[in-house]
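Just below sit the structures, each encoded as structure tokens.
In the two assemblies presented below, subunit A is common to both, partnered first by subunit B and then by subunit C.
Right, the complex of A and B next:
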């Protein structure tokens, strides 16, 4: 029998030493502190992921910001265009794509509401402005437009919109429309209906 | 803690044979358990957990003594012409007696003999672990074994003499 075989055959007897009980307590404490805390490697890994995420977010926000600016510039250009078709396109795009209020665009749409020569553009503008029913500028200007508007189609759109908004301040211009005999009957009947709705 | 309680003494004995002191051996066992627990996902399902942890313990213990330069083995090839001594009377002596003789060996032989005879490492594994040439390991093992057999013979005679003097 070789020396190695002899030793291997007595492997059970070889291990005769025992760890101290103090070592068990020390190990238990080490386990709690070392295995239950995030490792340095993991922290570094998380750090890099966070940085990458922040950079990614910044790039995304920058791209979104650039896209928004470009889109807004095109929209404003369309709203200022001499062609009614281009203005309509601008109004429809605002209605479809913009979910947040933009002061500059709303201001431009309010100008269109009061001054545009094309009824279709005005009607589309009223519809687009109704996206933000809580905006006081929009509500006030719709009431003002009802007092000055002479086109029957636009008048009817304004009457229905202010009735929908339950805007009590619209009662004065509605009363004026009802009492003005120069307005066509369909406008007067719509105004009478809206007035009744607001009163009840 | 169950795994720790199950294997702690086996690992402690393996580490103690390398360090020959309680504190270093206990520290190495603790380090090895922590390492093992962190890498437990690397252990294959059918692998022997005890054996795997023991390897981690031994390798970690060797790394420590290598860093401390507690063993220094010259990495040169020596053509050993000395004939190997033969001793086959193991049945008449105890395993404890062999352990005592191993402890008396020169440090450069002792580690290699422990790894080969007790921990079942191959010469190639030892050479990789200690960063030595395989031929160096083989030569040192051969010389260490000769020294060990001489020690066993000398100590056996003393033991025999002491026994008869007492009686």
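Right, the complex of A and C next:
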């Protein structure tokens, strides 16, 4: 078929005006589908991803903090338990699992240090508190406890701990312990040793 | 005058032993804490019941050695700690005891032995009254109940029982907790000492022990257990059970000896001069500090925690 006959046959389709109007709509449609729409879709997609990520992050963070809160709640409950075994469980858990200072827990442990009826709990508490040697509250409370404690094994633990901390303010209670004849020889000899250690 | 003006009016009376098997003193008590304030020798057994039952396992000494505080018998050069060592009879050797002397106390202790009354005259009769019954059964302990605490104490009021070899068996319900203090539950009291090993067997409640020099043996005690001792040795055996609850033992210079089933799931924090074992522990961490060993050991899943600190003593962990 010659070009001439083709044009004659398709005279209507090649009509300038008609074609242009058709082409316009087609072009616009194509423009919409190929450029604007996909780009919009991608953006929405990204948005969803970012929202999901945020939510995910929030969830993991909140789970973590819920876990921490739950763990801390159990720990605090254990520390306040009537059973010495449960209190010990609490103190050992703090010693094993907590690396950061927590004001509330330390406050509770300091109370235990002064008031608990069980020597094991007190000794474990001293060990746990030693994890934070730079905490001034802990240091002053250990010194105070040394001045008031009467149970030999807890006294020995306090003496060794303050000597380890090289706490010079412990010299006064140490002197009192050495001079108090009510104390048993093992306590006095440990105090003397610590005193020597602090003076040199 | 001698420096020690401790007046001894001692009347030596032969000990009368009685071997009649007693049923023991029974006290209904199945909830709360049994507090023992005594350094005497005990065999404590857990059982599923509702009563605390005290039996004596020693020979009953008729005629007891008493100290009485005589007011007015003042001396200036009295020794700070009155030490009295004397033989009560040819059979029983009296343990050496430092009895508490407070600085304000300005009087002399006098010891004497109360004589058993004329045996012929009292033949076929028995002493009336609760206290007399307890004395007759050879139980020189005082039992008090305060709220949810049952307290067993040495009968120290105005007298100091000097009978050696006193040994008691106490059966206690598994539903209660045991709190035993060998220094008479008195922080100002001097240390009392008993060289005989005390035992706790098959008890399923919580155990707290604070002791000076007493030797302790725990057999199949489920725990939780917390023990502090200055120089006493602690032996723990799991023969028919596996450890399932926390054990915490601190000692200054006694040893800690523990027998475990090899299939136990343990996580042990141990610190001692030497740690010895024939069990297949995984050594999680190890430190040496001032000539002492500090170790974290694991066996099986490591579920049950044990904290053992023998300080200047050794720790022995052995296979069942």
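We take it that the second predicted complex is superposed on the first by the 144 of 200 C-alpha atoms of A that agree within 3 Å, B and C clash if a C-alpha of one lies under 4 Å from a C-alpha of the other, contacts with A are read in each partner's own complex, and residues count from 1 in each chain.
Here is the rule we go by: a contact is a pair of C-beta atoms (placed from the backbone, for glycine too) under 8 Å apart; a residue touches a chain by one contact, two chains touch by 3 or more.
If you're wondering where the values come from, they're calculated on a predicted model, not measured in any experiment.
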item	value
First, second, both or neither for A:182, with subunit B first and subunit C second	second
Contacts of A:121 with subunit B and subunit C, given as first, second, both or neither	second
Which superposed partner A:7 touches (first subunit B, second subunit C, both, neither)	first
Partner chain(s) touched by A:92 [first = subunit B, second = subunit C, both, neither]	second
First (subunit B), second (subunit C), both or neither touched by A:84	second
First, second, both or neither for A:151, with subunit B first and subunit C second	second
Touching both subunit C and subunit B, counted on subunit A across the two superposed complexes	none
Subunit A contact footprint on subunit C (complex, rising order)	80, 177, 187-188, 191, 206, 208, 210, 212, 223-231, 245-246, 248, 250, 252-253, 269, 305, 307, 309
Of subunit B, residues touching subunit A in the complex	1, 4-5, 8-10, 12-14, 16, 22, 26, 29-30, 33-34, 37-38, 87-88, 90-91, 95-96, 98-99, 116-118, 120, 145, 148-149
Residues of subunit A defined as touching subunit B within the complex	1, 3-4, 6-8, 10, 13-20, 23-24, 26-28, 30-31, 34-35, 39
Partner subunit C, residues of subunit A touching it in the complex	83-86, 88-89, 92, 118-121, 123-124, 150-153, 156, 181-182, 184, 186
